[in-house]
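Structure first, commentary second.
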Amino acid sequence: MKKLKIAIIGCGQIARTQHVPGYVNSGLAEIKYVVDAETERAASLAADFDIPHATSDLAAVLADPEIDAVSVCTPNASHAPVSIAALNAGKHVLCEKPAAMSYTEAMGMKEAADRNNRMLNIGVVNRFNTAVNKIKALIEEGELGNLYHVYCSFRSHRSIPGLGGPFTTKAHSGGGVLIDWGVHFLDLIFYALGENAKAMAVSGAAYGELGRRMKDYVYTSMWAGPPILDGIFDVEDFVTGLIRTSGPTISMNGAWAQNIGERAMFVEFLGSKGGIKLQYGGDFTLYTSKNGMLYETAATFEKENMFEAEIKSFLESIASGKKNRANIDHTLVTTQVMDAIYESAAQGKEVVL
Amino acid sequence: MKKLKIAIIGCGQIARTQHVPGYVNSGLAEIKYVVDAETERAASLAADFDIPHATSDLAAVLADPEIDAVSVCTPNASHAPVSIAALNAGKHVLCEKPAAMSYTEAMGMKEAADRNNRMLNIGVVNRFNTAVNKIKALIEEGELGNLYHVYCSFRSHRSIPGLGGPFTTKAHSGGGVLIDWGVHFLDLIFYALGENAKAMAVSGAAYGELGRRMKDYVYTSMWAGPPILDGIFDVEDFVTGLIRTSGPTISMNGAWAQNIGERAMFVEFLGSKGGIKLQYGGDFTLYTSKNGMLYETAATFEKENMFEAEIKSFLESIASGKKNRANIDHTLVTTQVMDAIYESAAQGKEVVL
Amino acid sequence: MKKLKIAIIGCGQIARTQHVPGYVNSGLAEIKYVVDAETERAASLAADFDIPHATSDLAAVLADPEIDAVSVCTPNASHAPVSIAALNAGKHVLCEKPAAMSYTEAMGMKEAADRNNRMLNIGVVNRFNTAVNKIKALIEEGELGNLYHVYCSFRSHRSIPGLGGPFTTKAHSGGGVLIDWGVHFLDLIFYALGENAKAMAVSGAAYGELGRRMKDYVYTSMWAGPPILDGIFDVEDFVTGLIRTSGPTISMNGAWAQNIGERAMFVEFLGSKGGIKLQYGGDFTLYTSKNGMLYETAATFEKENMFEAEIKSFLESIASGKKNRANIDHTLVTTQVMDAIYESAAQGKEVVL
Amino acid sequence: MKKLKIAIIGCGQIARTQHVPGYVNSGLAEIKYVVDAETERAASLAADFDIPHATSDLAAVLADPEIDAVSVCTPNASHAPVSIAALNAGKHVLCEKPAAMSYTEAMGMKEAADRNNRMLNIGVVNRFNTAVNKIKALIEEGELGNLYHVYCSFRSHRSIPGLGGPFTTKAHSGGGVLIDWGVHFLDLIFYALGENAKAMAVSGAAYGELGRRMKDYVYTSMWAGPPILDGIFDVEDFVTGLIRTSGPTISMNGAWAQNIGERAMFVEFLGSKGGIKLQYGGDFTLYTSKNGMLYETAATFEKENMFEAEIKSFLESIASGKKNRANIDHTLVTTQVMDAIYESAAQGKEVVL
């Protein structure tokens, strides 16, 4: 197979630590361009990985007919415009999560992909997480019986990223802990549940109580910091919600920051025959019963690098023309549900989809 | 003060272990009757506590003008009719929780109390729990800042009581884990939040997946057992919900039984300045910050016997004519919210109050 | 079924806490006599359980034709003579563990049972332990694949019973930690392995290093104490061994006392497909693998009272005439192996059976 | 002192990470040659450490009169022939553990050393482990009193190295977990016990149940992997044994892999006055008693690099002509005992030495 030619758009941490190594290690692609509005950042990344071109001229890159596909690693606000421009230029796109700032934007991206007959994948990388796939298989094998409820908790004591910066400024990010962390939890849940769980109604509430009081925000470390105390915080640092689907209901609580000093990052799948508790990013425990005994089973297994698997699958999907599990068609539900949670929170009532 | 004369109606565990000793130890009352449809049960209780009369004739007891007040300790289904009969007979009433099987029934009880100008208290005993009252005081003093969300979890691995019996038969109990356990959690939350948190809308879902499969239900012990395998299970063993109030939102998950092997019985109060995690029936931890430090404070204190405090307060409230914290007027909200959760679960949509 | 008439011979702790309640609760028997050389001890037991006769005259009891069966709860040294006398008098016998002080003695008991056509059961009560039976079932279902090795550890930091008294005097006990604790471990192993594991050769060593230095023996509590510092300690407080069978090998270490401060009381069953670790007297963990995952499963279940089950089964076996799992025929192997370990330790070489 | 000239034979991990740095850091030697059948591997090692010559011509190296000593870092199967050739060429030899594949081979090595009057040391590196030497000193000072038993456990859940490759092919390795891991445990025990503990008889059993079922072998990582599923596994992955010496007995269980999910790598020394539990490769705990108190003492100390100490001691021993603790004369016992365990396992009976 001839190697696909790639451009990386946006040269921040996710590009450097995951996308670039992912393409390099895949053996199926070569990166021709790294693109960033800050030319220096692009140049540094190019130098470290022997990539031929570093540029800030996105239009020129998209005009290069040699380029087969791009990774969109820019801030959330430009996911939609950059992806649509790339699709319109005939490129396949792997766009980092969240797909977009709103469901409307994401729908626009999907239409561009359909119109141009190109792959549009979203970086919902937990669909390539080994534990998640083991759980999906157990659910499909009926190990849990009737799966009636899922609870997910993505709560941390102090983890607001870059307080006052793009992460906490709605115009750049589209939202706070829900769009940043919740996207992973909701997406892996809908993936594990499969096509039988259609989202039907959403009730939610969202608060930005800790981040808003910037000067009083005590923390011990800050990712994407330091804080910009005269910056903006207009997103939520806490979210709660109840989602009705055609299958199980889903309840959730999420916090970038909260005055409860326990980190609780997990998903619980409750079934009539069995249940599973997944520690996010780690292992899971399976609860069943047999011969009058209650079984609590800790499962251990070799874990794939999920970013490498995501990128390899994207490249193979381009080659085969078959949409894979991370295609916009399969992942749009997550954006739709998040959008509805924000709307429900704003209106103070349930939103029917 | 002359001792009040009391009748205990219903002679099960809660009467024997809490109400009878509560009146006896109060020093403010004497029990004249114990009443039970099973005369033997009444007789045994009377013998053990030197109570003069054991009878199954409720009408005669209510007709005795010497009786000032009654405790209603019967199964849920007769809370309303017995309490109303007693109120109509001019007695003050302390009725065990839940107030009734539905909000309509509870409203009928309140009207009877108003009409007859008698005290009607509900056995929401956590309003007399020392930890709960300490928390209520901290909230009122502003220690938590803006209190924006409460999460409560009343979840057990295997605790369905008396599978197939009255607890799991809706006609006798009115419901499952929500009405049996959730009542305590919701009531203490509304009590701690105070009058500023008016319930406004409720979204919920309820399932009876484990209890319904009676023969497959594996457990290691059963309260109110043994199971009656040809009995009825038509209530929920799992409930989830989101409650909007004029103050904080409340999210909750509850399980008499579930295939997650962790007991999680707690309430978390999330505020902008501080937070509290209460281990149900136990101590609490307070999370705050100060001078750039994150504080985690374990609170220890002497605990009152909450049943004794409940009964003493009931007796004092009769004497003083002042409605106390457990009066139906203050606790009706809990029944209203539970009723709405059941309705929301049945209709599959949010219920506005 | 007519109730069987029972005599209890030996009125120490095991008689009072297990055998007497076991017969009483069985509903299948009534105790006519309690017998003890110390008449007072017999009288006190009789009084507490409303037993008609307390006596020290064993011969008279055995001569009473009404007596169907006896429990032998005397010290180890009289297990054989008392059991044989009872069998010769036509009584069925349930003799506490260990069967006897030596394999020769135990063979004599078996011959007496055979000759008189009476049941002779040994109090190897773990054969009625729920966990042990669950494990036996899992082994028989092939859950472990080829079971090739068993390791058992019965080691405590400081637990010599009654230092200087009958427990530590070989003439009374027949041995130390092996005959007192090891009997339970070895017997449950041979029971779980079933008839396919015939004992073939034994290599062992035994030491009495801590108990022998009586005055230097530091401890924090002593069962069957206090120590008799001018008493006798001529048994082992540590034993090690390797047992070859026609099935798996068995290795073991046991200590009533040792200068390692960890309690380690467990049995590990190692199979090609799965393994089990049983915490003695408690639960077990099952180790398997599935779909590329390593599974660690904690099993929980309702536990029967094993002494009551043992006694009920003994009584039913008398009634049916069918030898049960605790019959001398099935349990003799344990005595044989212990005897061989002592012999191997004494000779300093392997003993072939 | 003039620097000794060294050749390193075999350029795998142990050569690269331990022997080469060990000689370099000693200040007492310089490496002239690195030798490997794969010239590239030798060349790479030479380049990384500035070693003048990389070659596959062992005969030429041994013929170089400038070479004083060699490190033998080849696979187990060539330990004996390479060491003997080097000794016959007049070189001192430090041969990695195990000394050889059998006791006969090791005896042949010793004879070659004696005949040529050259040092032959074995890489039993735990003789230079700080914790082991502290323990040896405590034993010699009588801190444990009469040391009567040693138990060693070298058990892992899943650690078969290079399944199907040289490690698991008897013709290359001589055996499995015993010769690979057990050698360290047994050797450090015999070293700590000193000359008074002569090995006298051995009883053992060995199984290769997990490794033999290659396709069913689930693991999470594999050292020296990946597995070669059409390769050979004809060694043991589990071993058990009981060793009689003129001093304490030694019992052991070892597993490269087993269906018990606990890693247990330790040695316990049981004495009449005290005991020691050494966590292999780590610290130890000392258990004693004093003035009626039980003492549990965690010992902490600065740890030497044991490989550097081993190599420095080898070089000094060449210089002084005095055999050190790792000399074949002192370490032969370990090979003899391992050989006997394999023989006992094969014959199914005790082997007297």
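Note that the chains are named A, B, C and D in the order they appear, and that numbering of residues resets to 1 at the start of each chain.
The rule is short, and it goes like this: contacts are C-beta pairs under 8 Å (C-beta built on N, C-alpha and C of every residue); 3 or more make two chains touch, one makes a residue touch a chain.
Everything numeric in this text was worked out from a predicted model, so none of it was measured.
Most remote from chain B, judged by the distance between CA-atom centroids, is D.
Centre-to-centre, using mean CA coordinates, chain A is 60 Å away from chain C.
If you average the CA atoms of chain A and of chain D, the two centres end up 50 Å from each other.
If you average the CA atoms of chain C and of chain D, the two centres end up 42 Å from each other. If you average the Cα atoms of chain B and of chain D, the two centres end up 68 Å apart. In chain D, the residues that touch at least two other chains are 218-220.
Interchain contacts give a graph that is no line, ring or star and is not complete, per the touch definition above. Applying the touch definition to every pair of chains gives A-B, A-C, A-D, B-C, C-D. Residues of chain D that touch chain A in their complex: 218-221. Residues of chain A touching chain D in their complex: 300-302. Only residues 134, 137, 286, 291-302 of chain A touch chain C when the two sit together in their complex. Across the complex, chain D meets chain C through its residues 144-146, 148-149, 151, 157-158, 200-201, 203-205, 207, 209-210, 213, 216, 218-220, 238, 240-242, 244, 249, 251, 253, 255, 258-262, 268, 270-275, 277, 285, 287-290, 292-294, 296, 348-350, 352.
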